[in-house]
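Listed below are the structures to be examined.
Here come two complexes built around chain A, the first alongside chain B, the second alongside chain C.
Then we have the complex of A and B:
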């Protein structure tokens, strides 16, 4: 039995369908992120779970009890708001104790649990300050403590880390994971930031245009994205245009220029002969080697034995610590990016570029798979 | 550097280094204004005086001097220029009749303020939270200000008097007539009607500044609507509430037209007594003394009220 069960959840605002028939589950103790571009409906899903919006259709069950229709103050969930929404007229301790006070916890127990929670988020001794006296990161901790102290079945997060700078955000990600494990609480986290989502989540729900694109673990989404949108949205990807020339039992032949390459069937969506497709490859799976300076390899055929390869010229490089990211203008497929470890090329170097057919993902080009939302959330 | 801000035929590029970037297009009025700006920028004291002078001048001329004059007059016997005396104060403060009137005035003012605050807050809240036509509704709230106070009071006489509009409507509905004119109720109705906009505007301003997320956070943490109102909405808007209360309480305490027109002969308020001293009894010093006492009482009441309000809700109302 799942802790949170969402089935057929739909929300319409007038003619706009913000959330369209969404199904997903959150298991007890999980850290699940809903990831999507702005306007994808992810915050609306969260607000329906919290009780601030009523679904147009569908059901939400917490611990197997339907909660649609019950007001937010009766739901066993607590939310960490995007702008935190700390009460400016109350002290840090009063903010944290607010929920306990509402549920009638006596004052001394309230004080004790507030103190414990301040310790948990490493803000001992901050209880008497007001929120405006704290830094952004400290305010995040107070907001988290205010939600956690009530020991809710589920804590909801509406992109609370988005206002922090990168370093602090990474630190808070680690803190979130630590606190989630220590308190053994279930977290449902909404974000547009794939970096945050990948870093903290057990599982991801990828949402676009109100519809679920894919649900799975971080590894599943990264290694086996079911759509071009997911491939693009979770990590970087190179796409090479091609056309299906044959569909066999053991593979699909795809012509990406003048030669067909056979890729394993397992990597592809359902495709038919003559479909226009994108052949997608992650930059870290692209191999780059020095080519002869005279460019004699330029017309090397794309191997049909399971390798894509071409030649090209290095146009950009950016150093990223353990590896370097190169932008390579290829002779066959336009500009591609490659992440290379322990090899160094200069701008204008001629290189050969190759990758294994086994690593690619193939998606039909039917126009609506590209990432990027329309309109704000 | 031009010494005079009014050097009209000074070419723009000659009116100061700061203006060099303005190029040749700056001339005439622009050049003159910039010249004045430059002139004042170099003389910070003069600039402070130029900015702060007029408002202070107005305050001194129309507030401080008249108040002082009243204070002086209140210590004179019988008429302006009379002998110095404390009689005006002792007479007033030892008269049970007058003190009863003050007490009555206080009670009416508290009632009016309470009614206006409650109705005004509900009105402002519904405009902010439930309405899309905010501008139109606010316009309707302040619309009565376009009509003279006196005329509106006469309209209320028309409505409230025996066989007036209200009684006629009640009659049509088969209900007994009320004949409200010249009662305390009529005075309360008149005051509530007149002061409501004064309270709605500051209430509205503070409520629009209230972050809706705070309301949601409160509900999320288990507080129902009433708890949320008392522990978040009200404390966060307490500054607007206090402003509205002050704006209503002060003019009610000193009012004399509304009670005269709508109230009966035994509904005397202290403002009427003061007016009477100046206009009928021609005892200006006594009127001035009552005025001074009432001013002190009202200010003292408000200071106490604000302290209490602040204490109840902590740092309250610092809506960012």
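Then we have the complex of A and C:
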């Protein structure tokens, strides 16, 4: 039995379908992120779980009890809001104790639990201040403590870290994980920031245009993205245009401009002969080697069974600590990026670029493959 | 090349060149015409002479003593308070509800409510005064006291609403969601979150309403009939026959009440705002 069960969840605002037939589960003790671009409907899903929006259709069950239709103050969930929504007229301690006060916890127990929470979020001695006297990161902690102190079945997060700078955000990510483990609480976290989502989540729900694209662990999404959208959204990916020339039991032959290369069947969506496809490869799976300095193409590598390869010229490089990211203008496929750990190349070096057919993911091109959806949230 | 060099119209040039001085002249005249008579009034309340002659021969507190022993004047103040205090309470309650409704709900007639609530500001006082005499006393036959209180509420609601409404409009509704999320129902959320945050505006609206009601003359004069006069009506009655130095004193007391109310409103709002930052 899942702690949170969402089935067929749909929300329409007039003609706009913000959330379209969404199904997912959150297990007890999990850290699940809903990841999607602005306007993908992720915040609407969260607001329906919290009770601020009524679904047009669908079910939400918490601990196997349907909660659609019950007001927010009767649901055993607490939310950390995007703008935090700390009460400006109350002190930090009063903010944290607000939920306990509503549920009739006596004053001395309230004080004790508030103190414990302040310690948990490392804000001992801040109880008597007002929220406006705290820094952004400290306010985040208060908002978190205010939700956690009620010991809800589920804590919801609506992109609360998005307003912090990178360094502080990374620090708060670590804090979130620590606190989740210490309190043994279930977190449902909404964000557009894949870096945050990948760093903290046990599982991800990728949402685009109101629809679920894929649900899985970080590894599953990264290594086996089910759509071009997920491949692009979770990490970087290179895409090469090709055409299917044959579909067989053990593989699909794809021509990307030279010889057809057979890729394993398992990586592909359903495709048919003559379909236009994207062959996608992660930058870290691209191999780069020096080509002959004379620039002769006489022995330039061609695609063979099992390998895609071409030649190209290094156009850009950027250091990323242990490895370097190169932008390579290839002769056949335009600009590709590659992450290289051991070797080093200079700009304008001629190189060969290759990758294994076994590593690629193939998606049909139907004009709607790129992540985006820059509509408002 | 500055903007002024490009202007060719002579009048426009003159305006551009002398705008600051013209503005200063206007401000000085306004201050002179408004505050100079008031300044003279305050000064004259300490004048020893029995008539309004300037300058006075000697300064004295005599007229203040006389005022304090004048039962009619004190009665007038008490009469005013018995009207202004309930009128202010009703006005604050009504204006808060109107502001809440305009802020929160989209309902048929919402824009009409907004207009109706503030319209009385521009209807000539005498017209409304006559209308209220006809309606409250002629048609409904209300007692004087009830009619006057209603008249004061009508007079003060538009102003109080205009003061209270912005605090509702600028209130962050996300705080109410947070409150409900933490287990407070609609009523508790209003009491514990909404009200404390809009309170400065409500207090300011109430002080303004009280000041207006305390000063109210036209409606009172029309509706009140022959009963005990309120302070403004009392002053009017005094000054109709002769101007005594005591009237100066009453006017000063009046002014002090009005100014301190406004200052109180300003400081309460400020203090609360600073506390929120």
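The definition used in the following text is that the second predicted complex is superposed on the first by the 372 of 377 C-alpha atoms of A that agree within 3 Å, B and C clash if a C-alpha of one lies under 4 Å from a C-alpha of the other, contacts with A are read in each partner's own complex, and residues count from 1 in each chain.
Just so it is clear, a residue touches a chain if its C-beta (ideal position, glycine included) is under 8 Å from a C-beta of that chain, and two chains touch if they have at least 3 such contacts.
This structure is a prediction, so every number in the text was calculated from the model and none was measured.
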_Clash or fit: chain B against chain C, after overlaying the two structures on chain A?_
clash
*Quick one: classify A:78 as touching chain B (first), chain C (second), both or neither.*
both
*Using the superposition on chain A described above, determine whether A:177 touches chain B (first), chain C (second), both, or neither.*
neither
*First (chain B), second (chain C), both or neither touched by A:38*: neither
*Given the touch rule stated above, what does A:130 touch, chain B (first), chain C (second), both, or neither?*
both
*Examine A:150 and indicate which partner it touches, taking first as chain B and second as chain C; both and neither are also allowed.*
both
*A:50 contacts which: chain B (first), chain C (second), both, neither?*
both
*When the two complexes are fitted on chain A, the stretch of chain B hitting chain C, from 43-51, 169-177 or 205-213*: 205-213
_With the touch criterion stated at the top, can you tell me which chain A residues are shared between the chain B interface and the chain C interface?_
50-52, 71-73, 77-79, 81, 83, 85-89, 98-99, 102-103, 130, 132, 146, 150
*chain A touches which residues of chain C in the complex?*
172, 174-175, 177-185, 188, 192-193, 196-197, 275-277
_Per the contact definition, I'd like the list of chain A residues that touch chain C in the complex._
50-52, 71-73, 77-79, 81, 83, 85-89, 98-99, 102-103, 130, 132, 146, 150
*Please give the residue numbers of chain A that touch chain B in the complex, ascending.*
50-52, 71-73, 77-79, 81-83, 85-90, 98-99, 102-103, 130, 132, 146, 150
*Which residues of chain B touch chain A in the complex?*
211, 213-214, 216-224, 227, 231-232, 235-236, 313-320
